[in-house]
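Chain lettering (A, B, C and D) follows the sequence in which the chains are written, and residue indices restart at 1 in each chain.
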Amino acid sequence: MSSTEAAKETGRLETFADGVFAIAITLLVLEIHVPEGGEDLGAAILAQWPSFAAYVISFLTIGVMWVSHHQMFTIIRRTTPTFLFLNVLFLLPVAFVPFPTALVAQHILDPEGRTTAVLIYGAVSVVIALMFNVLWAYAYRRGLVAGSAGEGGLRVSLGFLTGPLAYLAGTMIALINPFISMAIFFGLAIYWMLPGRIPSGSG
Amino acid sequence: MSSTEAAKETGRLETFADGVFAIAITLLVLEIHVPEGGEDLGAAILAQWPSFAAYVISFLTIGVMWVSHHQMFTIIRRTTPTFLFLNVLFLLPVAFVPFPTALVAQHILDPEGRTTAVLIYGAVSVVIALMFNVLWAYAYRRGLVAGSAGEGGLRVSLGFLTGPLAYLAGTMIALINPFISMAIFFGLAIYWMLPGRIPSGSG
Amino acid sequence: MSSTEAAKETGRLETFADGVFAIAITLLVLEIHVPEGGEDLGAAILAQWPSFAAYVISFLTIGVMWVSHHQMFTIIRRTTPTFLFLNVLFLLPVAFVPFPTALVAQHILDPEGRTTAVLIYGAVSVVIALMFNVLWAYAYRRGLVAGSAGEGGLRVSLGFLTGPLAYLAGTMIALINPFISMAIFFGLAIYWMLPGRIPSGSG
Amino acid sequence: MSSTEAAKETGRLETFADGVFAIAITLLVLEIHVPEGGEDLGAAILAQWPSFAAYVISFLTIGVMWVSHHQMFTIIRRTTPTFLFLNVLFLLPVAFVPFPTALVAQHILDPEGRTTAVLIYGAVSVVIALMFNVLWAYAYRRGLVAGSAGEGGLRVSLGFLTGPLAYLAGTMIALINPFISMAIFFGLAIYWMLPGRIPSGSG
């Protein structure tokens, strides 16, 4: 297969992945409902703060995932049917994010359900971060990565490992205080958005 | 028309198809509703297992369709208005998948409705698999396939035929036991995700 | 501006338009609701036939619009900010299609509301077909069309004019019988899907 | 990094942004509900005019944002991880637009809530316009802009500044009359759609 064909294959995988990322991130707004209003619409909207907070945290989290996926693919040159399927398996929990987001938004003010809601939210994030490492490990070992990125590759591998560990720690904290747990998920998204935090084999 | 223009045409068809695949696969999550919770949110979520199972099966099934469509287009070089329309007809049942998915999720625990729900779910899968063969047969006979893929082409043709037959068999089993039927649909998706199962003219 | 930059501009316009087409066509399924079921789920689903019929007609209609837009852009080489905005104005009624589709699905069996519902459905189709001619007229007069397509261009212009007239006639018939009107919209989509019906400057 | 790789990076950012724009603009229609009808379906639909007006205003506003983003990227050649994240932050309020749109549609006829609804609608527009300037300022200062566009760049910078000011003025007017405020937002979208109004470094 020529390099042009290979480039085309990666292009379509990225288009599909970008579509799923873009749709999942945009569907988040559908979970925010317009309040009836009555006397004080402003107060009714402020009372929905968990929906807005969950929207921002999940939007930034999916955004970080998208940038990471994007950066990973700047050094991936080829693809295989198995790699396409691994990407489908990676996108399965990504597309699922609107559910735990709505779960947390609706139950974070409910003392009995909030721990369960945040544990599920965190578990989905851990699964996504793990799948991210599976994607990279497969691409790296099967030689789908651009040759010149070999040295950076190992550094990238170690960098990606911090994701699942950080999300696992954040999730465990929900057993003590679910609010701190969500604050950590917010902080993690901000942290990875700072310059130089996303591992990049080309940098 | 130059080869560049032809490539551009295929590109846009793939972009549109990828969009429909990505949206259909991501809309599946909208069918999963957040439970009210009450005393035990965890138990309420576990009771929704049919929704999660249907999400996973349909996600993987659409994922397999996307990879198959992707692989088919690695050897399709040109397009015609009729081929564009055949793709629209192929995408019609693909975009419809969220409906039978929600149907099965809501009725698999209902002894009176579950057989009907799974029969409809399976019928949609059979139609998609048939349309897939129509797409390929048209592209192959009208010479839209890259010349070098001619020998692999016949092998591909036979490989695609197993799809409708497998889904038809899985659907028929719903008359005996709808749960086994859904398990077969799950198994078929996993089977096609194994290395080397998707027919490929370039391999 | 170099020809490469111009091509890039058209590419992004097509990506955005394809996105709106793909999303509008895939959102149609959200208007079909899963019946409660009760004793006879099959009968409950059959009673929803207007939803399925409206889904198929709107899916094919949007599909025809997409293929027409695609064919038009095979001979459009450049773009201008005004042309981008005309495309936004063209996409406004396209993205609106899920509303009249749901309107017809819910009111076609209602003797008092069905005429109004189908008149609105038809009016949206007329507007889309008119906007299609506006797009083409602007592109043709402003020289955005590839030079070699000049002769075919006039033929294309005349071909596109049949769209608004056909949809207007179909809409008017709703005043006599809304069912015949919807059957005409279905027939028009099938007609344009037949080989050679979509005007093409390159054929 | 070669220029080809850089082009690929920008391409994927544009694909993702186009996806979010296309989805946000197409989700707007989901906020318009089909009326029950009863005796006079036409009157029931006319009574929904705020939903239709809000649909048109938000559709045109997102359309203007998309064209502006498109025009900006015709002269942006490179990207950095930080620029990707700034685009994610820019898309956060863009994807949020369906919420204030539904808020205005449901409360513009409610004398007690309409001012709050339009203030929130306007505030989201101001934030988007501000983020647009942040995007441009970063790209311009970090040298992501094509060299030949340097002279036009300063003109572009000044042109983009009018956006936040115009939306802020329109928002303030909601304190006097929310209807005039919405009319201004409509007028702003139309104004920027006129030829030559969108700043362009290449024109």
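Rule of thumb we're sticking to: a contact is a pair of C-beta atoms (placed from the backbone, for glycine too) under 8 Å apart; a residue touches a chain by one contact, two chains touch by 3 or more.
Since we're looking at a predicted model, the values are computed, not measured.
**Q** Farthest chain from chain A, going by mean C-alpha coordinates, please.
**A** C
**Q** Would the interface of chain A with chain B count as same or different, where same needs over half of all numbers used to appear in both copies?
**A** Counting shared over all numbers used gives less than one half: different.
**Q** When the C-alpha atoms of chain A and chain C are each averaged to a single point, how far apart are the two points in Å?
**A** 35
**Q** Let me have the rounded angstrom distance from the C-alpha centre of chain A over to the C-alpha centre of chain D, please.
**A** 25
**Q** Please list all residues of chain D that touch 2 or more other chains.
**A** Expected reply: 15, 19, 22-23, 27, 30.
**Q** Show me the residue ranges of chain A that touch chain B in the complex, using the header's touch definition.
**A** Answer in residue numbers: 1, 5, 8-9, 12-13, 15-16, 19-20, 22-24, 27, 30, 80-82, 84-85, 88-89, 91-92, 95-96, 98-99, 102-103, 106-107, 110, 112-113, 116-117, 120.
**Q** Would you tell me which residues of chain B are touching chain A in their complex?
**A** Interface residues on the chain B side: 14-15, 18-19, 21-23, 25-30, 32, 34, 37-42, 45, 55-56, 59-60, 63-64, 66-67, 70-71, 73-74, 193, 195-196, 198, 200, 202.
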